[in-house]
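Next up, some structures in structure tokens.
In the two complexes below, subunit A is the common chain; its partner is subunit B in one and subunit C in the other.
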Partner chain A sequence: MVILLSLKNCFQLHYGLKIPAAGFRCSANTGLIIQSVSSDIYQNLAVEDWVHDNMTLEDRHVLFMWRNSPTVVIGRHQNPWQECNLKIMREKNIKLARRRSGGGTVYHDLGNINLTFFTSKKKYERMENLKLVVRALKALRPQFDVRATERYDLLLNGNFKISGTAAKLGRTVAYHHCTLLCNADRFLLSSVLKSPYKGIKSNATPSMPALVKNLFEEDPSLTCEIVMDAIAAEYARCHKIDHCITLINPGDETVFPGINMKTKELQTWDWIYGKTPKFSIRTCFNMVYKQSLLEVKVDIQVKHGRIEACNIDLPEQWLPPAMCSELEKNLTGSKLCPSETAALASTLLRVCPQNYELHSKWSLLCETVMTLM
Partner chain B sequence: MATVRALRSCSRTAGRLICVHHIRSCTSVRFIKSKYMSIFDKSAFKFSHQHRLFRTSTISNGQIVQFKLSDIGEGITEVTVKEWYVKEGDSVSQFDSICEVQSDKASVTITSRYDGIIRKLHYNLDEIAYVGKPLVDIETDVLKAVSSEEDVVETPAVSHEEQTHQEIKGHKTLATPAVRRLAMENNIKLSEVVGTGKDNRILKEDILNYLAKQTGAILPPSPKPEIIPPLPKPETVPPAPKDRGTKIAIPISKPIVFAGKDKTEAVTGFHKAMVKTMTAALQIPHFGYCDEIDLTQLVQLREELKPVAQARGVKVSFMPFFIKSSSLSTYLGTCMYGHYMLPDVLSFCPLLFPLGDKSIKRALSAASLGLLHYPILNASVDENCQSITYKASHNIGVAMDTEQGLIVPNVKNVQVCSVFDIASELNRLQTLGSSGQLGTNDLTGGTFTLSNIGTIGGTYAKPVILPPEVAIGALGKIQVLPRFNGKGEVFKAQIMNVSWSADHRIIDGATMARFSNLWKSYLENPASMLVDLK
Partner chain C sequence: MALRALRRVAVSLAPRCPGRGGPFPSARSAWPQAAPARSLGTSALLFSARKFTDKHEWISVENGIGTVGISNFAQEALGDVVYCSLPEIGTKLNKQDEFGALESVKAASELYSPLTGEVTEINTALADNPGLVNKSCYEDGWLIKMTVDNPSELNELMNEDAYEKYIKSIED
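Let's turn to the complex of A and B:
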């Protein structure tokens, strides 16, 4: 049973979230189920942040259900260059987001359900939450073989991953969120979660690739709405609350004061790319120039998503050494970003001697270096 | 005996008065960060219990406390340190984030239990940290540290709250043990005090303010709950003017405290490259030439073209017309420039009139036409200005505002492109530009640039030439203005301003003016373009 929020309810929700004793349509004293109307990853992640920072959850639990438009979400301490194919993502307009919880990289689209279980820090129990999801799925389709693993994954038929988990613990509030593959684009998922970048050496948390399957493939009659409703029903039963889902708008400042600032912060380059732990790229290229093969060695140190140090080894005299060192010097401090590098390289070319051969060599070198980004 | 008692009471009173004076200064100073302590009256140090209220940066009178990594839950005993938010020597407040640790897909933010200065970090990045072992050493004041120790309970089931909570009327009241003690001693209910700290935490000042309101005086924080009579008005307040019978309240001016800090960052990446290019650009002796263009006829033409363009899936703005006119303006009229290739006007005519539609024939953008007449504007000089190269291709750059800043992709070979070709190429460049996918090929090789700053705003501008080019044009916004026609009647005209800049070493004012006039005439009367084509 889904209740559409009227403006009046919006304010009730606001006060309900802040002051536990305030009157609320659903029995907010022990539990609350909310569902986002937005499919924007940044807005939805901001809701998690908001609840984490603003709610006191001594004895209460909140379940938050959300789905996003095509996005790749990396864990707090991960390296996007190591985890996904940024080139394909740019071409297909697939967003990239970094969440605040740990764990690995996931692909989201409207066929992938996200569930966030908010509790107080002492009530933080991931296995219990996963068992709840398993019970819900079993109640829906008893023939399904779904079980939780020690790594907090959910496996279908013993070997297909249908859910991955991550968690965030703050001072008083903790949340555990997981995905649930209902009807996602598996083909796109596998192509986007494969990094083409070679030579990366990093201490960032790596993802564990796994075989995945959609619930839809087991039973085509299942839709995301049916699954979400089943989970909400099981949650309501568990926490002895009414089975009613409150729809929320993550863009509404009156219900979530300060949320738009959180949304903006999650969209900044400094958060998404800049929070990547220090890493290095060391690789060798073969460039083709006028029927000859040239070997280029590149060594780049990256910190906070920016090039801290850069060394490009070219065949002798192929490019004037002054130009090569000019490129290295300008790349230092620059973002590890192909559009930034293209803009930088073409701007530098303006003050170089106007020579067609020199220009084409320079462009070739820059395009080659850009493939690393 | 009496004298002793009198003396004692005297000193007590004296002590208390001094106490009060220092409390007042203390409480006002407490709101400012400890670094301003250097201006504070040093006599406060005489009173040991005052030390609780402040710290100085020079005198360290606190002790080093080892802040242990508290329990994470789920029986986890070790975590990996992923990010430090503080370094040794930083000052932290209670609840500030210290570091981020990760354990088995759970990311945990560790916050400080104390106010103090970080003296030692026990782990480096990516090292394993153990629950129950020291994480950081914080130098903090003795009293607070001692009182806070009570909170450390090692049972896994209980979450480690740094403060004790009071549940009153279903509303949590946050306060440190010291504050709670003070409230209890003064018989104050915490629920009645307004907290001004983080999360509505009640601070010592809040208790003092509450007490001040109750008694109309400022009380010392000492355990003695005696009330001191209200102090006399400070002498700094000037006396009220005598000629008025009524008292005028004179506000005491507070010094305006602005806590903002300057932020310095290095110039890097694309901006660094722009510094180099623009420095070189301003070595070129620029001259400017401005004019206004009546686009009324062109506006009408574009309206007629819209459905045709839509059918083809191409968005046609004014830019394709401006670009093409610039290119066409280069026509071998004068014999000043001898030896370069003549673009064959006849050969590209079919390309210029793809559909045979009259309105499209009229819609030839003047820029390319202009460059055909005045090829010097599509040229390039070498560093020492010793030779000029007349470029055969009209690669007209279009300034684009993106995340990086101002970048200039160019449309290649405009001299052989139709208006639709230019329009679809512009669409492609705009799409790539907004998604950050422009490559070096699109961004290099430009010979002439147009900047449509008018889409953002402005009328006249002073554009800077982008080397190695020799000319640039900035287009202002289209405004509806009253103008006189040939019959002396006022009509509504769509006016746009153009500001050209050119390299005065090789281009003179007359050339620029003639180019601009030709460009202007093509746009004001699209039919005139037809006349000049063979």
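Let's turn to the complex of A and C:
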């Protein structure tokens, strides 16, 4: 039976683990199961950072369960332009986050469960954690064909990915986290995890696309709550601890001193986009202007998410060369960001001759360049 | 085991590649131009044999510049490195500051600065060939070079023998 506890009734989390059994109503000396009440990706990632930075887990383990509102999460060294459709994400208000662990890009919504297994570095063992999840699922539905692969994915029926894994090794603490698709929006997932951006050359770590499925599609009676409870039960059994889940509020500074600063850092442009490894965009566009097709060649170098150098090749005399080089000059140093480029473009427009044809050509060019972002 | 094998190989290779940072002290003394191994003091600014941190980074100092990498034990534990995230030149680091990360098939793993100093060079070869960290962790797979602002910090690091003992103790 699940006992949900509010952390307000217990001592602060880190004391609870440093002093065995102090304050907690469950036996926290070897393990602890916590579940976030927040569905904000940045707050939940901050919990991982907090545990990683503040806890020593010599002989102890923590399981953290969390779910998020629609978000795309990229790995530590990935390129969001290469991994997802930022345009659709902006339109549908889907957040973008960069986690601190490695691995590939995933889509989260409330139909996806995230599990983080915290251990000491020595006890870091991804396969054991995944086997635990498989056991939990099989205990729920013995007929399920779920297994772990060498890549640390979980497959349903041999070929549908229901879980992906990533991990981080810190000073003393390690964590392995994974997703679990219960009832996520698969169609939205496919459309946001497909990058429309062409011509990107990058040494960022790539994702490996896979066919996915929800557990719910195998058995509609399964909900996230049922699955989380089953996993908690199996974790409690393995670590010989009480089956109780402590609810945590990732915004609570009294329980997690310093966590709000971590949350803020994860939301900054510099972290999310600026941490993208250096890359280049080299591509050709076709622009349609007054029934003629025009070819535009673009060569942009991007470092820390900002345009380091840019070259735009237009058909001769289509636009005064001075205007084109003004655009290139002003783009250099600015963020690879459509709203910043739009602002830049309209500022430049104000200082150029008031000529309708020129303005419409300029707008077309800028809009075209913005589609790269 | 791997460390001992490396030493035998390094000794035989040393005479063919003079002037490179890396080989063990015993090999160095065979070179005509090599400075003899010195005790730490003001002369530590000039030269120090390879030292190790408990986080498995190594640093060797030549002409006041330290070359930093990860040990063979670390690269084996990490698995195939797929990405190296290194700092900008000019970054100031305190001892034990995080200066970057290595992503391998196993996990993303932080890198910690062995000493206090400023980054003077980064190994750009790792951008296209991160596997160098696995293939040649003491030579071509070096990560950064940095100034040595507090030479006395070198005293706090382990020499090769001490490091080998340390690895044995944690491998239990």
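Note that the second predicted complex is superposed on the first by the 353 of 373 C-alpha atoms of A that agree within 3 Å, B and C clash if a C-alpha of one lies under 4 Å from a C-alpha of the other, contacts with A are read in each partner's own complex, and residues count from 1 in each chain.
Here is the rule we go by: a residue touches a chain if its C-beta (ideal position, glycine included) is under 8 Å from a C-beta of that chain, and two chains touch if they have at least 3 such contacts.
Owing to the predicted nature of the structure, the values given are computational and were not obtained by experimental measurement.
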Item to complete: Using the overlay on subunit A, decide if subunit B and subunit C clash or can fit next to each other.
Response: clash
Discussion item. Contacts for A:E217 in the overlay, against subunit B (first) and subunit C (second): which applies, first, second, both or neither?
Written reply: neither
Item to complete: Quick one: name whichever of subunit B and subunit C touches more residues of subunit A.
Response: B
Practice prompt. Would you check which partner chain A:E125 touches, where first means subunit B only, second means subunit C only, and both and neither mean what they say?
Written response: first
Discussion item. One more residue to check, A:S101. First (subunit B), second (subunit C), both or neither?
Written reply: both
Discussion item. By the touch definition at the top of the document, which applies to A:N93: first (subunit B), second (subunit C), both, or neither?
Written reply: first
Item to complete: May I ask you to decide whether A:D252 touches subunit B, subunit C, both, or neither, giving the answer as first, second, both or neither?
Response: neither
Practice prompt. Classify the contacts of A:T56 with the two partner chains as first (subunit B alone), second (subunit C alone), both, or neither.
Written response: first
Worksheet item: Just subunit B (first), just subunit C (second), both, or neither: which does A:E328 touch?
Response: neither
Practice prompt. Name the contact category of A:R171: first (subunit B only), second (subunit C only), both, or neither.
Written response: both
Item to complete: Choose the clashing stretch of subunit C with respect to subunit B from the list 3-11, 21-29 or 111-119.
Response: 111-119
Worksheet item: So which positions on subunit A get touched by both subunit B and subunit C?
Response: 75-77, 100-103, 122, 124, 166-171, 174, 176, 203, 205, 277
Practice prompt. Report the residues of subunit A in contact with subunit C in the complex, numbered from low to high.
Written response: 75-77, 100-103, 122, 124, 166-171, 174, 176, 203-205, 277-278
Discussion item. Going by the contact rule set out above, which residues of subunit C touch subunit A in the complex?
Written reply: 55, 82-83, 85, 101, 103-104, 106-110, 112, 127-128, 170
Response to the item:
subunit A contacts subunit B in the complex at 19-21, 56, 75-77, 90-91, 93, 100-104, 120-122, 124-126, 151-152, 165-172, 174, 176, 203, 205, 275, 277, 306, 330-335, 337-340, 342-351, 353-354, 359, 362-363, 366-367, 370
Fill in: Residues of subunit B that touch subunit A when the two form their complex
72-74, 82-83, 95, 100, 102-109, 111, 125-126, 157-159, 161-162, 169-172, 266, 268-270, 272-274, 276-277, 280, 380, 382-383, 389, 402-405, 407, 435-441, 443-445, 466-468
